[in-house]
Amino acid sequence: MSIQTVVSPQDTNPNVRFLEEVSLHTAGVSRLEMCIQCGTCGGSCPSAADMDHTPRMLFAMVRAGMRTEALSSNTPWICVSCYHCVVRCPQEVHIADVMYTLKSMAIKNKLYKDATAPDFSQTFVEMVENYGRSYEFGLATRHYLKHFPLRLPNMAPMGLGMLTKKRMDLRPKKIKGIDQLQAILERAKEVEAVS
Amino acid sequence: MSEVFEPVIIGFTCNWCSYRAADLAGTARIKYPPNVRLIRLMCSGRLDPTFVFKALSSGADGVLITGCHPGECHYIEQNYKALRRYLLIRRTLKQMGIEPGRVKLVWASAAEGVRLAEEITILVEEIRQLGPLDWPGKITGKGQVAFLEESPAKEAVV
Amino acid sequence: MTSQDNPEKDQGKRIGVYVCHCGTNIAGTVDVEDVRDWALEKLGDRGVVISRDYKFMCSSLGQELIEKDIQEEKLDRVVVAACSPHLHEKTFRTACSKAGLNPYLCELVSIREQVSWVHSDKVAATAKAKAVLSGGVERVIHHQPLDPLHVPIQPATLVVGGGIAGIQAALEIADSGFPVYMVEREPSIGGHMAQFDKTFPTLDCAACILTPKMVDVGSHNNITLLTWSEVVRVEGYVGNFTVTIKKKPRYVDEELCTGCGICVEKCPKKVIDEVFEAGLGYRKAVYTPFPQSVPKFPVIDYENCTYFQKGTCKACEKFCPTGAIDFNQKEEFITIQVGNIILATGYDLFDGRRVTQYGYGRLANVYTSLEFERLSNAAGPTNGDIVLRDGVTHPASVGIIHCVGSRDRNYNNYCSVICCMQGLKFAHLVKERTGATVYNFYIDMRTAYKAYDEFYQRVLEEGTLFVRGKVAEVTDAARLPGEEGKLIIQTEDTLVGKQRRIPVDMVILSIGLEPRADSREVAKLFGISCSSDGWFTEKHPKLDPVATMTEGIFIAGAAQGPKDIPTSVSQGAAAAARVLGRIQQGEIELEPVRATIDESRCSGCRICNNLCPFNAILFHSDRMVSEINPALCQGCGTCVAACPAGAISGTVFSNEQILSQIEGLLLLNVAPMGGTG
Amino acid sequence: MNEYLFYPGCSMESNAIAYSESLKAISKPLELVLKEIDDWNCCGATEYVGISLTPAYALITRNLALASRQAKDSHTVVAPCSACYLNLAKADYYMRESPRLNQNVNTALAAGGLSYRPGSLEIRHLLDVIINDIGLAEIKKHVVRPLSGLRVAPYLGCMVPRPDYDQRWSDAEHPTELDRLLKALGAEVIDYPLKTHCCGGHMTQISPSTAFELIRRLISSADQYHADLMVTLCPMCQMNLDAYQNETNKHFGTHYHMPILFFTQLIGLAFGLDASELGIGRELVSARAALSKIGVEPPPEEPKPPRRRKEKTTGLPMPQMPAEEEVV
């Protein structure tokens, strides 16, 4: 006799399984399926005004399997990780972590509309991968050059101020164990690719 | 005889929660493997550790203990006593050289038919991985306990 | 162990086995005929003399089949393999009884819920059905004839808690001519309902409908009212409880006091009334909670009385016309005998300060629902004038926030039931009395029950604005024009999909209900159980909502879970009906699932004494043995499992029965040759 | 003596140098011994988790693995930066919660010869340690220059009290720890309603207008309460509120002048330490006027850099950026 499982037949439409996929790629337990659409997150969000959709709407879209629409929303990119929604959510949905997941899925699927934020994250990560430390000066200049070239003169006094107050290093710092770190990250990427 | 090892598991259920959960699993037609045979107790607090050892030494490969969730015992707090005994049983089994994983405690309320079925499914698979218990052969060496050698328990079950 | 160990114990058993098809419910998956034949063939040496199958064993024809066999074939044990014992155990026991066989010599094993409905492989299911049946046969061999226990019932009843549920229960019983003791912790009965102004959905004045009932309780010949009192000890069992009640000192002689109120008037010490006025008003150090208090006798508040704290004053004593003030009064303990107990201890309110983002306790004009009840009450601190904390300004706009502390895993998971209707009631009252703009912020509008949704319609008509969204925060940090000096309610309007900031003058939190802070201790005192939240657990959530697992203890009102007034009243009446039925019967029958101690084997170790949650085990220090009171014992069997001397045995679930059932389930009883395929 | 493992985080060596300096200065009187984790790396801030899950957690956990290797007398890791604190605490928490994450991260760490058992270290923020381990009574003993008359807005930002995986803080929205500390130093502490609201985080880089609005809210609210200065415990908050204040003013046409100091700087001032020792003067919005209220003479302003007015034409990047090529 064979083992009978209690799993019901699965819908193979990838959009229907979008919610599962998001949960799977979230650290810990997302609890996204528990959302009751109360709007505590959207009400709490300090940057909701600049979002395409309130977090609540975004979650409804995820549950509705609206993959492309959800992943192209600017909402996760506008999230400032303030965790107000997380501690207030009556259903304990791990909202901030879900936002991170949606960002990474948007990058993977190249579905973001505005490249500013993904580029910033990627530049940041590249620097960390190269040096083991963040490198503000390089990051800011490179990022501003690409995305806000016209703002640069505006920023100049501030940059200058930071320099004269000795609050900015002109050269990056590199950790000793950079090879070790890179080996770890390499392995982590392999693990991530299969999971 | 099929090639896959089919373990026999004795399950102890509480009259107020897990036995009703098993009833509910039935009413809802939720399928789970037929390897578990249930015994109804009034409360998980009734579980005498002897019952577990009796079951394991008489041919069962695993034992499932179920009771009401902590804080929801119909007899106020007797399930906590079951929890303590469960921990003791596992420790004792370990000392005897038997995998403590053969005994499992699951809290299941009367409403959790699905959960109970899932836990049974998982447990059967876990015990299957552990293989036949073969007690007391495993402990004392084969042939030392004559009457159990003749025991048809294994053969009696497909 | 197999039967050869103890050959004589099975002697003379004549067991009948009955396998039910349940139409195709069982027969569709289990080979019923095979099971029937197998039982006779393989279990013959276990005492099975008859094995039959039938389409529907529970039908009257099926039952008659068993009855006929019992009489004609002289069966002394019966095993029915059919559905769950929770469904038909009683049916088959009755059938045995009718045929002259003790009903406890019948065993029902489940091959439907536990076999045919959960498995699909016919061979495996049939094999498991055999094992389950074999377990039942092994078990039934050890069944003993048992008689139900008969317990006489004392006519008096104790009602704990003088809120509306307790009042209703007490009056129902007292009006039927039986004595009632009512114990209330506060100085007056009336409970939370006495604090309310209007009651939804009809907007009756709470005092108008409650006070006549309170007066009835106070003056009823069959009711002994013990206020400012608490139960401290409960002994005995259904039919005959001995209850010890602590009467806290009132410092007012109830025999002499006429309730004239001069002492209250003359008392120079004013304190904030945290209980009845919800912290919004004042009372004196000698006080009655409210003018219509029952009983009318005041209480001196020891903590705040100038005489008790400083040694001088005695204004009350000086002015009392009847000399009723007695500073030397001590607490008293009263012992009563009752047959049944009804617990109607009510609820506490969720502490609004816990939701820090709503600012209660930090922002002055955020009120709780109970505060608003007092604010809007004509007899309250402002005589019903709805004003801000400054005491004079009427709000031009009011926001009412639903689900505060409820439906929220950070606080309480459950819905507090009353908050939606309460919020609507507040909206109506604010609108009616101040003309302010009123917003209701809700997640789901729950207005089930008679005339509730009609009330919602009425409030909609009145122009109250509804915003669907759980409020994120209430702040005084103005950001936009028009927000200065206001409380800003920030929320997502989920129906619009946009964040909104709504400035208002006053915020009312529709606070949820919680179990009493001491509900677990009270449950322990009376030997009943609580849910994980702390509400008292009923015997069955649908079919037995006012009984508990402990015989003779009933529950009513919000102590069992959040409830509005109509439901509390219904439960009070229902609990009373259950008690009256008992009293009128004079005695009750109890299931004989009990533990007993064999004194000759008891070593007096007392391990069992502390394990029993019902205090059913007595220790006789003279003889150094323990004894179980059968009427208190609920049959959980924990002591049986724990007794190191094996001196305790449990009827219906004895060691022999369970150990044999294990053997049966493992088919140790089947002859070695007999494989079952 | 209070000894801890210390994870400074990248900012402590650059934009939050004042935080570093003041922490060093007050460590002595407080007998606070912070042993820096050898060769620690960046925690990934809020960026790496948005790119890829396992690498992000492996990056964070390398620090924990190094720390547990170094752990002898103390198993507590102290972080002064909110984002670092949260990232470390979060990795530890989620690895406890999710066996799958734990396994994946440890598989990655193994490639570098490291491993970490979640739950084996305690991860705490600097303020938590100062207020709960050292205690207000001890702090009060060292106060020689009470901050009397200084109106302070206590600002914690988001990531310290939230989500608070291990229940270390009094509240997620209105925690009292910083208020109590500042009161113990003698300051006049305002009930600042936005004390845990967001400073804009990385939005200054991604969507500056979003960030400016959040910065404006915080500063205008502190201004409404007539605060002399705001106190932070996070490099990112300090940076956003201080360095971008001028930008924000330009964006909205406002004229706020709200100095932003680290809580360690105020502790140092109350302890009577010299302002220059505490990194005071490194803030872009000068605290000079505010601190004069308590009789502190900050170090003289740094000489202005040579003016390069001639080169100021539209669209030209700052010329003195040789590092640029190295980076790309």
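Letters A, B, C and D mark the chains in the order given here, with residues in each chain numbered from 1 onward.
In this text, a residue touches a chain if its C-beta (ideal position, glycine included) is under 8 Å from a C-beta of that chain, and two chains touch if they have at least 3 such contacts.
Everything quoted here is computed from the prediction, not taken from an experiment.
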Exercise for the section: Select the chain whose centre, defined as the mean of its C-alpha atoms, is least distant from the mean of all protein C-alpha atoms. Expected result: C
Completion exercise
Greatest number of touching C-beta pairs links chains A-D
Completion exercise
Cα centre of chain C to Cα centre of chain D, whole Å, reads 51
Fill in the blank from the handout: Rounded to the nearest Å, the gap between Cα centres of chain B and chain C is 32
Practice task
Using mean C-alpha positions as chain centres, tell me how far chain A is from chain B in Å, no decimals.
Solution key: 45
Practice task
Would you please write down the residue numbers of chain A that are in contact with two or more other chains?
Solution key: 1, 4, 49, 84, 87
Exercise for the section: Identify all positions of chain C at which a residue touches two or more other chains, and write them in rising order. Expected result: 119-121, 123-124, 357, 473
Practice task
Please set out, as single numbers or ranges, the residues of chain B touching at least two other chains.
Solution key: 30-34, 117, 158
Practice task
Over in the complex, which chain D residues touch chain A? Could you list them?
Solution key: 10, 13-18, 39-42, 44-55, 57-59, 62, 90, 93-94, 97-98, 100-101, 104-105, 107-114, 158-159, 162-164, 172-173, 196-198, 200-203, 205-210, 213-214, 217, 243-244, 246-247, 250, 281-284, 302, 304-305, 312, 314-318, 321-324, 326-328
Handout entry: In the complex with chain D, residue positions of chain A that touch it
Key = 25-29, 46-47, 49-50, 76-78, 80-84, 86-87, 96-97, 99-101, 103-104, 107, 116-117, 120-122, 124-125, 127-128, 132-143, 145, 148-173, 175-177, 180-181, 183-189, 191-192, 195
Completion exercise
Given the complex, residues on chain D that touch chain C span 171-174, 191, 193-194, 217, 220-221, 224
Practice task
Name, in rising order, each residue of chain B that touches chain C in their complex.
Solution key: 8, 10, 19-20, 22-23, 25-27, 29-34, 37-43, 45-51, 54-55, 58-60, 69-78, 81, 85, 117, 147, 150-153, 155-158
Handout entry: chain C residues within the chain B interface of the complex
Key = 2, 84-86, 110, 112-115, 117-121, 123-125, 127-128, 131-132, 135, 523-524, 527-532, 537, 549, 593, 611, 613-614, 634-638, 640-642, 650, 652-653, 655, 658-659, 661-663, 665-668, 670-677
